[in-house]
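Report on the structure given below.
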Amino acid sequence: MQAQPNTDAALRRLETMQLIRAYELALVELQRAGAPGTCTSVGQEACAVGVIEALDARDRIVSNHRSAGHLIARGAEPRRLMAEVLGRVDGYCGGRSGSLHISAQELGVVLTSTIVGGELSMAPGVALAQKMGKGDPGGIVAVFFGDGAACEGIFHEALNLAVLWQLPLLFVCENNQWQAFVHRLETMAEAAIADWARGHGLMVETVDGNDVDAVQDAAARAVAQIRASGGPAFLELSTYRQRGHFEPDDQTYVDPTELRGWLRRDPIRLYSERLRARGLIDSAGLTALQLRIDASITAALAYAQTSAWPSPETLTEYVYA
Amino acid sequence: MQAQPNTDAALRRLETMQLIRAYELALVELQRAGAPGTCTSVGQEACAVGVIEALDARDRIVSNHRSAGHLIARGAEPRRLMAEVLGRVDGYCGGRSGSLHISAQELGVVLTSTIVGGELSMAPGVALAQKMGKGDPGGIVAVFFGDGAACEGIFHEALNLAVLWQLPLLFVCENNQWQAFVHRLETMAEAAIADWARGHGLMVETVDGNDVDAVQDAAARAVAQIRASGGPAFLELSTYRQRGHFEPDDQTYVDPTELRGWLRRDPIRLYSERLRARGLIDSAGLTALQLRIDASITAALAYAQTSAWPSPETLTEYVYA
Amino acid sequence: MTPYSAIPKMSRMTAEQAMHQALREEFQRDPDVMLMGEGVATKRRDLLDDFSAARVRNTPLAEAIIAGTAVGAAASGLRPVIDLLFAPFMTYAMDALVNSAGKLRYLSGGQFRFPLVAIGMTGGGWSVGGQHNHNLEAMFVHAPGLKVVMPAAPADFKGLLKAAIRDDNPVLFFADIGLLHEAGDVPEQDDFIVPIGRAAVRRVGDDVTLVAYAKTVNVCMQAAAQLEAEGIAAEVIDLRSLKPLDVDSVLNSVRKTGRLIIVHEASGLCGIAAELASLAATHAYASLRAPIIRLTGPDAPAAASWVLEQAAIPTVEAVAQASRDLVEFMPVSLSETNLCTPNHRSAGSQSCIY
Amino acid sequence: MTPYSAIPKMSRMTAEQAMHQALREEFQRDPDVMLMGEGVATKRRDLLDDFSAARVRNTPLAEAIIAGTAVGAAASGLRPVIDLLFAPFMTYAMDALVNSAGKLRYLSGGQFRFPLVAIGMTGGGWSVGGQHNHNLEAMFVHAPGLKVVMPAAPADFKGLLKAAIRDDNPVLFFADIGLLHEAGDVPEQDDFIVPIGRAAVRRVGDDVTLVAYAKTVNVCMQAAAQLEAEGIAAEVIDLRSLKPLDVDSVLNSVRKTGRLIIVHEASGLCGIAAELASLAATHAYASLRAPIIRLTGPDAPAAASWVLEQAAIPTVEAVAQASRDLVEFMPVSLSETNLCTPNHRSAGSQSCIY
């Protein structure tokens, strides 16, 4: 039985999920107009929001190509994210990253890799540094990765090391059923990921990744366990990638029945209904919220689009320290 | 309950194990006299002999740096192996391999890699080819690897692929407790390997790797299951590396109590006692056997030492097909 | 092998379509040819339908085992083609490609052959940044036992892919992203192949030799057109194969022109341009009339930002200017230290680590 | 930084001992320095005892996570040194080294630094064959964001390892197996470092420049001694650092001698010799008095057999003969096609893929 969040927390969860969604959809529009494509996290907002709420400022996050939700949930400014996607100087990485490997050290979002598995290869080292006193005292690390990354050998190596060295590391597998253009049932056995993790002898929990309260709850338990024991824990969040792998993507390879089923379980829709049922928000409130978010995204976009391009003179800046 | 082998089979098992031992010890002497060092399989003879007896001529073997037992059990001539170790033209690979990556295609011992994990990376492909009709009909593949290789990510990838594609592949993990100069308890949890394999949902059995009958029995069951199902199986053979990682090695890092314990369970000693108890051999017979083997090894050595060096003119032969 | 000029039936198609046609034809021709990779069966659905699921396999997301499986299968009689998607993902497949495919034939004394093809895309044009865009083909040229091709023209995408599939050695096939959707005339014949190891002289000229591959071939062609108006006749050589290199074609041209400029998008350091410059400095030394110039990408990861991504690619203007410099070069008049290399002069940035 | 010549206290020790001393001193100096690898705590037991198990860590047998962990730790304030044992095992660590350590500083717009050192052994001498013996240092020179060193003298093993540990960039440290047990004078001072990026002129001469690194430095020194008796004064340059290269030292020497021979054990194709020959052909062109010669290992895996292993390493005789050829070179008298490259003439085998 999970605890109910208080009103503020509940509304914040909804708002953050909606902000992520609005941000992602704005990028979809932008791509249609010629901007670089992105891997959107539409449908997976509850994973990002639920897990990140369970972390403290002292904790660190390591992420991957589908990172916008993690970043926004952690407080990243959509305008600076958009500037990054557009390759402008005001982006978090000065336009060098684009959407695929955005880090924001000021927020504790470090070492994003778009090499699938790269996030898993680096996260134990960040956790080791925390353990050896390099981060803020008591800080842990959460690493977000996909079901596809679980197929890479580094998944096995990272788990073994984290367990062996008892690293303060939360493995967060967003199992969105897809690995680019391949369904995960074509790449692994039905129940694979949690079973693989269990073989390593750490705390493993499988959660409905479209229920933000459930995610937050499980993440909070896992984080508490990591802080108490010093060692790692593992969450598998069952969710679904509602849009294509990378914009544009016509999704002709997707089973429409499966997609429809998951759309009915859209995390934002589920949560809006829940909060409405609890009387925490009504239609008018939802509309007002949406308007507010849309306005903020419009402003962010304007900011990003007017941000300067990096100068070609800086081409080889930051190669070496 | 395992079946007792008939007299011939039992004596052959003993003889092959002794041949491997004598071969390895001859290489130790050779190294002391300045020849290249080798990774001996002293203490692990029952693994090689037991598993390979369970295979047919149509089956293929993929091996690693500690391969002499696998090769000899499969019928490789010690003299050609020794020539290879010495880098001579009569070696199985014309002296190009040395001891570390000996393949003998004529025996079905293919694609040996000394990169730990290399054997695991290639074995599914060999099994796929068998499955797609490239080998002898009904042939399966056995891949020998160590407990150390199980720490490499490729272990996870190979298992997943073999299970997913239902490849006729027998994974044989010779868990000899050591990974070069590191005890496996420093690299993984106590019971790790079989647990990791079980997470992949295939048939997994853990066997006393120093009991050749037990190994043969389990291997025969696994092979039967692979032939029947088409899919893979996994054996973990508990054994011990009695000598150093690579000759010479003073083993100062080894716990002498642990080593003594395993020496008491030496596979050849155990099996000699068992056969004596069954009345299949007596002291005189054992002595005669040892003399015969020693003589054959002496002859092999003479052959190898008089084999020619490859000509420097051939330096770049066999780089490209 | 049908020589290029003798091909009568041509179709207009993109490089990507040409690759697909090559795959189809080789699938048809040889039942041992198979394809593995993340999404290959999704993307090439028609091959799956026409040639069976056994031969067209979506794989787990695990490049090391994809490549390792190809190595094992190739040694056992199949002819696997693996699509590793973007070239930097090959870093996960390096053991299988470099230590196994490239070495085990030799180390086994010739017991095995590894007829496999590994495809990777790379190059600027998609603003995807340095973990997708990294021209690392020279790493594989440096490794023994591998062949490496990187075509520029759609016809070569087809002909080299077919040749790679038929080759008994492991071949790395690099596809420049920026070229995949460019169209060109492509021979339709099943037996059309482009032999690995032969460059194509795209334009004949006596004054300067411009050597390039992939995207920069067109950069050189445009520069040559500009230079023609100025009375400078540039010879443009499209390498097509990076290993084996068609050393004779390059050296013969340099012996004729006495001037050599090598242009590629990859980093200059220990790159193909370095190899060719070095070969010329040995084997065409007496013919050289001016310093050799390399125009290459910088020693820097590729940035996603369009402006920076483009600034890393050698420009037509840089090639034209370098050509003029060489033609005007006089040992006394021009200080050789003014010839900067590697560079991309239009970008103005020279702060390399050299 | 203490210049070499000013060091008073020297001890005689092997290169391996010099590396160990470097580690000890840097462990002492900076508590953020740590060591990870398969068996490092076993092999360097004294460091474990003196500096805690937290800082000296035996790892699982898994190079990818060793390197990845070093990357994560380095970005988070530690200064990890990882021992990857033999260079070819780095193929498992390529993603972490090339895509993460080499690129994420740049792609993050300078947010992170990666002060890590990755050590690998390689080179002929142990008859271990091509999966242990593979001089692949040029692959890392080609990749952006990394530094690469490969010393020859015990003092440089120490000084460069210390410099690498203090460097804020990822540094690949290659140890030539054949040199590890050779002894030499090594400064004992804690503050002794050898700056990365500076070559050492081991011998001064006016007639020909011999550039080498690691094992082949000594080959060149021996050749130079032979040549001296014949009245040929060879200048011998030990590169020490392969990235950044000390371009000025090499070019200044070539401008003086007009003749350049580069010697290394690694394959010639896209190797360090190619890079240097190319630089000289651009920046010292007007000074060149003869073709540039590369004497390198062949485009072949290393064989285990002692005879073949040795045949792959450039010999003193080959260096001496190439030097004579260049000194005698006259544009008309010697056909340039007789200068074979890359080669190892004593072995007599020229059947490269070039």
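Chains here go by letter, A, B, C and D, matching the order in which they are written, and residues are numbered from 1 within each.
In this text, a contact is a pair of C-beta atoms (placed from the backbone, for glycine too) under 8 Å apart; a residue touches a chain by one contact, two chains touch by 3 or more.
Keep in mind it's a predicted model, so treat the numbers as computed, not measured.
For subunit A, the chain whose average C-alpha position is most distant is B. Subunit B and subunit C have centres, each the mean of its CA atoms, that are 42 Å apart.
Note: centroid distance subunit C to subunit D, computed from Cα atoms, is 28 Å. For subunit B, residues touching at least two other chains, in rising order: 94-97, 101, 113, 115, 117-118, 151-154, 157, 160, 164, 187-188, 317, 319-320.
For subunit C, residues that reach two or more other chains under the stated contact definition are 59-60, 62, 64-65, 88, 91-92, 95, 99, 106-107, 129, 131, 144-145, 298-301, 303-304, 353.
Taken pairwise by the contact criterion, the protein chains are fully connected, each one touching every other.
Residues 32, 34, 54, 57, 59-60, 62, 64-65, 67-78, 80, 95-96, 99-100, 104-115, 144-145, 147, 168-169 of subunit C are the ones touching subunit B in the complex. Residues of subunit A that touch subunit C in their complex: 36, 87-88, 94-101, 113-118, 148-149, 151-153, 179-182, 186-188, 253, 309-317, 319-320. Remark: subunit D residues 38-39, 42-43, 58-65, 88-89, 91-92, 126-129, 131-132, 298-301, 303-308, 311-312, 344, 346-349, 351-353 touch subunit B in the complex. Interface of subunit D with subunit C (complex): residues 88, 91-92, 94-95, 98-99, 102-103, 106-107, 129-131, 134, 136, 138-139, 141-145, 243-245, 247, 266-275, 277-286, 288, 290-294, 298-301, 303-304, 331, 336-337, 339, 341, 353-354.
Contact residues of subunit B toward subunit A in the complex are 151-157, 160, 163-164, 187-189, 192, 195-201.
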